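Below are structures written as structure tokens.
Heads up, the next two complexes both have subunit A, just with different partners, subunit B and then subunit C.
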Partner chain A sequence: MYETVVLSLQHFNSIQNLAFLLMGTLIGLVFGTVPGLGGATTLALVMPLTYGMDTTSAMILAGGLMGSVAMGGSITAVLINTPGSAPSAATCLDGYPMTQQGRAGVAIGALASSTSLGALIGVFSLLAVLPVARKLVMAFGPPEFFLLAVLGMTAISISAGGKLVRGMMVGTGGVVLSFIGYDAVNGGQRFTFGSEYLSEGIPLVPAMLGLFAVSEMIDLAVRGGAVAKLGSKTEFAGIWEGVCASFKHWPVVLRSSLIGTIEGSIPGVGGTAASFLAYSVTVQADNHPETFGTGRVEGVIAPEAAINAKEAACLIPTLTFGIPAGIEMAVFLGMLILHGIEPGPMLLLNHSDTIYALVIALTLSCLIGAIVGMVCIKPLALITRIDVHILVPLILAVSAAGTYSIHQQPYDVLVTAAFGVFGYLLRRFEYPRLPLVLALVLGPVAERSFQQTMMITDGSWRIFFDHTVSEVLMGVIALAIVLPLWRGVQHRRLATKGGAA
Partner chain B sequence: MKRLILVLTAVLCLLTVTTFPTLAGYPERDITFIIPHGPGGTFDTYVRAISAALERYLPNKINVVPTNMPGANMTRAITAAYRAKPDGYTIAIFDIPGGLLAQIVGNPRPSYDLSKFTWLASIGSDQYGLAVNGSSAIKSVEDMKALGRPVKLTTTGAGTSSYMAAKIATDIMGIPSSIISGYRGSSEYIIGAIRGDGDGTIAVLPMLHKYRKSGDLRTIAVLAPTSSVAGVPDAVRLGHPELSLLALHRLIGAPPGLPENIRQILEKALLAAMKDPETVRIMAAAGAEMQPEDGARAAEILKASFDFFSRYRHYIPQP
Partner chain C sequence: MIEPEPNPDAAKGDWQDYVAPLVALALALTFLALSYQLGETSRGMPLLFIYSNLAFVLLDILVRTDCVLGRVLKPLVSPGGKPMRIFGAGHKVGRECGAIAWILSFSAAILLLGMLIAIPMFASLYMLLWARFRPTKALLGAAAISAGIWLLFEGVLRVELYRGMLFP
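This part shows the complex of A and B:
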């Protein structure tokens, strides 16, 4: 295997391939900033252009694009609370408050370094895991998917930051909203009121754009001023501080990359869940979970490391079974076919150098994307200084156009607007928004996997205790519930002691 | 007089503008090719391969633009194609029986009627096969019947093509079955079967062949008139030739009321595009085989499918 990796590295000796790598990275970065476009659509748009190109060059172009598209979406998430894709929405939670405090440089620096580290860890995991990849994919079935979703949702109680009842209310509302549409297990439509549009459920990207970008713009319009709060100074020198933050918080990077690798390698959970799960686990593991959402750098590092580790890990089921782990990989398989390569279990054996060239391109693209992002931060961060009267209409127009471009569906724009108003009301009356997002993302995974588990076992719960992976996951869930409670008791005890003294 | 000349000039200009397209001949602008699924799947690959060749076989140089319109169990794409202007600039690929099932239930009545579409061609059909995990103790249909419990098969959601195929096939063969539904596509339910979520699965044969070769799955029945897997019984040998009707068809159609001259141009170009060596090469790499047939045959396939699946409408979940 390692000889093939070295052989694949030689493809990057040619100027032409390096140019394709750079081109792919830049296309990914630019298209990634457009809300709604995402990696799969960008790849589908570029695919016909690769026809006639040498297969390895095409893979390098694709790798460059796939590696950097998430970075583009995360930069806008940090700067203007507008995620380019659904996974980047998790970066908004702490990245944007940092920008508001004038710490955009730190956030971008942390984003760039965690992205790169995540990608590197992802690639090393991919190389390390490949010999046992089959076992990894086979170890996660519907019971494990269900427990992963539950683990993600336990963060609702913590992220509610002292407003537990409100968090639970919003979370329950989110779960109910996630029921809307086609019942993926039993067939038929639920709560659609005969609407064809709602039959696919609440579309995630328009909803996220509304909750984050539009609600923020409404707030800005009401508040006036600019994104970076009055009196705060956008400190570009903070970039280096941000870069170092990822190394300082290496357990967060490592843990989140691991989450990204596991989620990426299992078809069925989806990439959006990876970034939110990494975020919520980081919140739960922290000593001060209540401070998340107010601009904690770990809140940027966790989702970013997970997103990029996932990119490489997505190749695991593709290479071992010829099965795409997500929509982006499905388009990539289409691209392989266009180049005369048959996707399937034999892919790695027959075309290993091409595949490793893709993996290397994916990693290099994350590094190049991070450098480009950091170099461009100065002009980019000026966005946060733009007056509200110019910025609000601009972002609203971009959000509306981005939402519309996904399916050319005018109703998507209405969903963005409705979630924008709802998100603003939540902020205005101090209800947390994270539980709603977690429920929308993880609710369908939990529901579907639980029903499938019950079908597999004919209604018996024993299966959760029969598999080692589920037992471990249940232990982690128990810890996630008990630890914050225990910490709360400790804090109260300390406070009482302090008061008594 | 001056006024009359002005009016005449204006009328002439208007006539020139409005009649120009007819004089230029069809097609004179880009054709939209609707795909009822997201990018990356087999349908997407078919359309992208055919579109590239179709541009070469149409009388005028225009672009054929593949447009993914996933959602609502294909209803969104079919409705869009049904409501489009029948001018030859919108065509679509249809997954049969997938798109047909909502129409068979008729509650709520879908806003389209597939029998009214103008059918242009059939790309081909894929027969189904019944497969079990490669290491399963089940070696044959008889073993499945003798399990002493319902056999568990992994499929997509209730009422979808694969779910219906599993229900109908096991019903015809007299195998008690329990379906583990809810997987989001053939890739997921096949991996579910390999993982051991259920005893096996029913999927189209080209898909099963890949996993049979790698030893992950074992095909135990080929639901086609003749078996393509050595030693595995086909529908006739199983004593149920009607199982062959359980096929996944890929038809190409245009909105109802397409003028006959345009239909002929499209049909001829589509058939040529499907036989184009480059299209054949791309599809062979994807593990798919095409059996191009004309619009009349596509209409016959639709009718036969409608009649067959109507007999099993009780398996389609009612709202």
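This part shows the complex of A and C:
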């Protein structure tokens, strides 16, 4: 393997390939900032342009693009609460409050460094796992998928902070909303009110854009002024502090990167679940979970590390089985086939240098993207000083056009608007929004996997206790439920003691 | 038996505190009724979550009251849940309704007139009427936004923006 990696590195000696890497990174960064576009659309747009290129150069261009697109989306998530893609929505939760407090520099610095570290950990995990990837992916069947979704949902109780009952209310309601559409397991339509559009279910990206970007625009339109709150000063000098924060909080980076790697390697789970799960686990592991959502730097580090570790891990099932880990990987599979590469177990034997070149490009693009992001912080952070009444029509127009461009479906714009109003009402009446996001993402996965498990076992629950992976996951779920309750009791006990003293 | 302390956040009959959970209750009951129209196998999962949702909605209502059970449960299940106010407490309800109306009108305009008309129309009217910008600033701003969107999506990305129901 060492020889192959050295051989792959030699591809980067050529100026042409370095130019493709830089081009891919810049395209990813710029297009990543446009809400709704995301990696899949950008990759699809670039794919035809690679047709005449040699395969390795095309893979380097794609790697550059895939590695940086998430970074672009996260920059806008931090600065204007508008995630470029669904996974970046988790970065809004603490990144945007930091911007409002004038700490945009710290947030961008933390984002850049955690992105790079996450990508590096993801790539090393990928390199370590590739030889045994087949076994790892085969260890996950419907029962494990179901338990993974349940694990994600337990994050609802953690993410709700001191509003457990409100969080559970929004979460269970969100799961019901996720059932809208065609019932893939039993057949027939559910809650579609006769609408053909709704039979596809609630589209996730428009819903996310509504919940975060549009609801924020409603708030800004009411409030006026600028994004950075009056009296706060946008601090650019904090970039280095942010960069150091990722090293200071290395357990958060490591844990989140591993979550990203595991979730990324499982087809169908996706980056949104990875980023929110990493965020929730970080909240749970902290001694002061109630302070998250108010501008904690760990709240930026965790999702970013997970998102970028996931990018590399997504390649595991895509390359070794030809099973795309997500929509972006499905487009990437198309690109591989366009270049005459057949995905599957033989891929690493026949095209190992090309694949390792892709992995290296993915890593380098995260590093280049991070540097570009930090260099451009001054002009980027100026966005937060603009009069919001210029920002509101601009963001709404980009969100509408971005939403429409995904499926060329005008009703997606209505979904964005409806979720925008719903998201604003949730904020206004102090209901947490995060449980709704988790429910929309994980609800269908949980139902499908559970039904498949029941079909396999003829209704028996024994299968959950027969597999080691299932047992480990159940242990983690139990821990995720018990730990916050135990911590709550401890806090109350301490508070009572403090009050008595 | 020790009497639980009075709930300082209890709404004490203020109707505003109950609006959101009551709306949620109505929605949950609607979905419950719709679920029973589905086939037996299709409705299993939805029913499980709707009944759970109903239980949480009722619990949310309960902890907002000042009854003994509400006072006992509040610190356990909703210690950070503050009472909600629709009017007063610094909220500008008129402006909030106005901002929501702008969003909904923009979406309706996109659907009917298409993006090439709706975007400049919305941007200019918003800046003129809501932000109270000078007409030149509003028109220039709207033109810049519209041109930028057109250039990015139609020019660079080759995505034909929606032309509207009235101009197919």
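Definition applied: the second predicted complex is superposed on the first by the 501 of 501 C-alpha atoms of A that agree within 3 Å, B and C clash if a C-alpha of one lies under 4 Å from a C-alpha of the other, contacts with A are read in each partner's own complex, and residues count from 1 in each chain.
Note that in this section a residue touches a chain if its C-beta (ideal position, glycine included) is under 8 Å from a C-beta of that chain, and two chains touch if they have at least 3 such contacts.
Quantities reported herein were computed from a predicted structural model and do not represent experimental measurements.
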Which superposed partner A:83 touches (first subunit B, second subunit C, both, neither): neither
Partner chain(s) touched by A:183 [first = subunit B, second = subunit C, both, neither]: both
Which of subunit B and subunit C A:72 touches, first, second, both or neither: neither
Partner chain in contact with A:44 - subunit B first, subunit C second, else both or neither: first
First (subunit B), second (subunit C), both or neither touched by A:400: second
Subunit B versus subunit C as contact partner of A:417, first or second or both or neither: second
Which superposed partner A:142 touches (first subunit B, second subunit C, both, neither): first
Touching both subunit B and subunit C, residues of subunit A: 183, 186-188, 451
Residue ranges of subunit C touching subunit A (in the complex, touch as defined): 20-21, 24, 27-28, 31, 34, 38-39, 41-42, 45-46, 49-50, 52-53, 56-57, 59-60, 63, 75, 77-82, 84, 91-92, 95-96, 98-100, 102-104, 106-107, 110-111, 115, 119, 122-123, 126-127, 130-131, 133, 141-142, 145-146, 148-149, 152-153, 157-162
Subunit B residues touching subunit A - in the complex, by the definition given at the top: 38-41, 44-45, 48-49, 52, 68-69, 71-73, 75-76, 79, 108, 111, 152, 157-160, 163, 178-184, 187-188, 190-192, 194-198, 210-211, 213-214, 216, 281-282, 285-287, 316-319
Residue ranges of subunit A touching subunit C (in the complex, touch as defined): 34, 37, 45, 161-166, 168-169, 172-173, 175-176, 179, 183, 186-188, 190-191, 214, 217-218, 221-222, 290, 387, 389-390, 392-394, 396-398, 400-401, 404-405, 408, 410-411, 413-414, 416-417, 420-421, 424-425, 428-431, 443, 447, 450-451, 492
Residues of subunit A that touch subunit B when the two form their complex: 40-41, 43-44, 47-48, 51, 137-138, 141-142, 182-189, 194, 196-197, 199-200, 267-268, 317, 321-324, 327, 329-334, 337-338, 340-346, 407, 448, 451-452, 455-456, 458
